[in-house]
Amino acid sequence: MKPTVGTWRTVGALLRKELLVELRTLESVPGMSLFAVSTFVVFHFALNRSSIEGDTASGILWVTLLFASILGINRLFVADAEQGGFDGFLLAPVDRSAMFLAKVLTLVAYLVALELVAVPAFALLLLGAPLGPALGNLTVTLLLGDIGVAVIGTLVAALAVRTRARDLLGPLLALPLLVPIVIGGARATAPSLSAAHASGAAARWLLTLGLYDLLFGLIAYALFDFLLED
Amino acid sequence: MAALQLERVARHYGEREALSDVSLTLQEGATLVVFGPNGAGKTTLLRVLATLLRPHAGTVAVLGAELPREAWAVRGRVGLLGHEPLLYRELTAQENLRFHARLHGVGEERVRELLEVLRLSARAAEPLRTLSRGLVQRVAVARAVLHDPELLLLDEPHSNLDPAAVELVAPLIGAASGRSRVICSHDPGGGLAEADLVLGLRGGRPALLRAAADVSVEEIGELYR
Amino acid sequence: MASSSLYGKGLRTLSIATVVAMAVSLVLVFFYVPLEAEQGFLQKIFYVHVPLAIVALCGFVLGGLLAIQHLRTRDPRWDMRSYVVIHMSLIFALATLITGSIWAKGSWGHWWVWSEPTLVSFLIIFLLYATYQPLRFAIEDPEQQARYASVFAITAGAFVPMNYIAVSLSTAYLHPRVLGSSNNLPASMGFTLMVSLVAMALLFATLCKYELTAKHARQQVRALRRQLSGEGADGTRRTRSAAPSLQGTLPQTAGRGAGA
């Protein structure tokens, strides 16, 4: 027997709810953005450099975005877990995967919002190369990376939220799993973030990211239901 | 068709038996009241009937559908009012109810209708965290009956409600609503008055199962000793 | 259901086979295979390091497959198997890292090299699977614990090959791969490696079987003890544990359901 309410309708309803709650509480996006900018400042002092480019720039950008994402991932299911959102959802005649899709889309939205703040800040504070020409490459790579982070983030957040040490376990699980994203992303954007703007062979890294997104997207989609039920 | 048909239902939590050997039949439109001390398994039973937990042994048929296999046929026809209101504190009553309405494929007018009946319209646009527990409970009742369920599962439904509010919710979740009901209660007198069938749980096991007419308030009190 | 002999069956045969295989492989490594020209005696650690790596990797993937079975059948015995296999693979992975490090020091003079994809992948995988036990321990409900652990095991199992690909792409080869298509391993070395691999796999299987048998026996004893002392009291919570519970699969003696 199938659920009586269509999946995409449910995703829509869930998305609306997520964004409404975020708009009211402003818990995730402002925190993530602030964290990223602060981290850039810290890096300036830690590295004792005023301008970076190439591999270093790429690395610092990706690592900062990654750690900022962790903040968002940690908060992803907290409202649901604490305010009975799971039960309310589970009682409805809807496809459970809708929650997975909605949360992934939510996280992608948060990450894009984060990047709209963090990337210009990065260009302003640390980047020694012009941002303009790198923008195309950066956008595509970041988007592919965002999907991967969102997929893994949603799965890990769901795993961690019902455990006792949820704020600790989440990052511990997520970081190793996200290493391939950092590899693919940082390597893909490094050439374009250098002054001698090289458009290197980014194709193989984008392919790696794409493969990762596809593989874990499918796996997470298939496994998510098991985390919801009792 | 019986509203509920349970046969030796069991559910364990690790090596501990949360529920065991529970068998009963509840007719359509009738009310089952469950008594028992804390930890006796009342909430577990409710959650099994709500399809939130799978039974580990025995058979459970809710509204004719066997769980867990036919759980889909049950969801959307059962309303749960538990200890938690299952509502988001940062959203308003209206937003919360609209959200649940969408999840159940129910129209907006129903939300408005319930807000009116429960005298919540005045404060429907304020975030739930600004409302008193009593008002939140009323919104929770609205959520539970939004989709017009055939079976109601109520865990101490009148907690936090003043007598006036109890009257307001009566047509929705009371005997007059015409729905089959399972109520967990800590009030022997009041609970017994509403019951057609009484189940007393102790340590997850049925210590008492009889038609309400054959049960006295003292016997219920014994359960808690 | 003869579950009492389910895990102990064949343990002795397996142990003997393991000892024999290990003995043969040791003889081959020390007396048969010639000394490798470049790296000398230290190179022999290769016959421990590579089998450890292969067995550990296969173990992690196997853990994922066993977890899939658990989610499909809901039988806690699959979860128990998955847990033991992952547990054992983690130990083998640690051994891989240590032997790899020793080999790196001997061959290239550094205790750690980023240029060796196997070593680097293993570090990441180790860090990932090191969270398996804490994850289990952090969930109290045994059924939920098993389910969540299975989800993790499947995700991590799929991650193992993906990670290897990503890391390999990112490292520059500095030294010839010993197990690749461009492999020019002389026959004697290849043969010795095969034997060592078989011995390592047998060791893994034996250790897993030992652990499964021991756990099973311990749980049966506990169940019997509880039955003797009367019905499981409902107030008592067993101490939290990361290990799977086999509740529901242990043989029940008559009279349990009839009440104390």
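Letters A, B and C mark the chains as written, and numbering starts fresh at 1 in each.
Here, a contact is a pair of C-beta atoms (placed from the backbone, for glycine too) under 8 Å apart; a residue touches a chain by one contact, two chains touch by 3 or more.
Remember, it's a predicted structure, so these values are computed and weren't measured experimentally.
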Shared touching partners of chain B and chain C are A
By mean C-alpha coordinates, which chain is most distant from chain C? B
Whole-Å gap between the CA centroids of chain B and chain C: 46
Can you give the whole-Å distance between the Cα centres of chain A and chain C? 32
I'd like the Å distance between the centres of chain A and chain B, where a centre is the mean of that chain's Cα atoms. 39
Shared-contact residues (touching 2 or more other chains) in chain A: 230
Per-residue overlap in chain C, given as positions that touch at least 2 other chains: 143
Listed in rising order, chain B residues that touch 2 or more other chains are none
Partner chain C, residues of chain A touching it in the complex: 155, 159, 162-166, 169, 172-173, 175-177, 179-180, 183-184, 187, 204-205, 208, 211-212, 215-216, 219-220, 223, 226-227, 230
Taking the touch rule as given, give the residues of chain B at its contact with chain C in the complex, in rising order. 12-17, 21, 39, 56, 203-204
Mind listing the chain B positions that touch chain A in their complex? 47, 50-54, 70, 72-73, 75-76, 78, 80, 82, 84-91, 95, 99-100, 102-105, 127, 143
Using the touch definition up top, name the residues of chain C that touch chain A in the complex. 71, 124-125, 127-128, 131, 134-135, 138-140, 143-144, 147-148, 150-152, 154-156, 158-159, 162-163, 165-167, 169-170
Taking the complex as given, what residues does chain A use to touch chain B? 1-5, 9-10, 12-13, 16-17, 20-21, 24-25, 79, 83-85, 87-94, 229-230
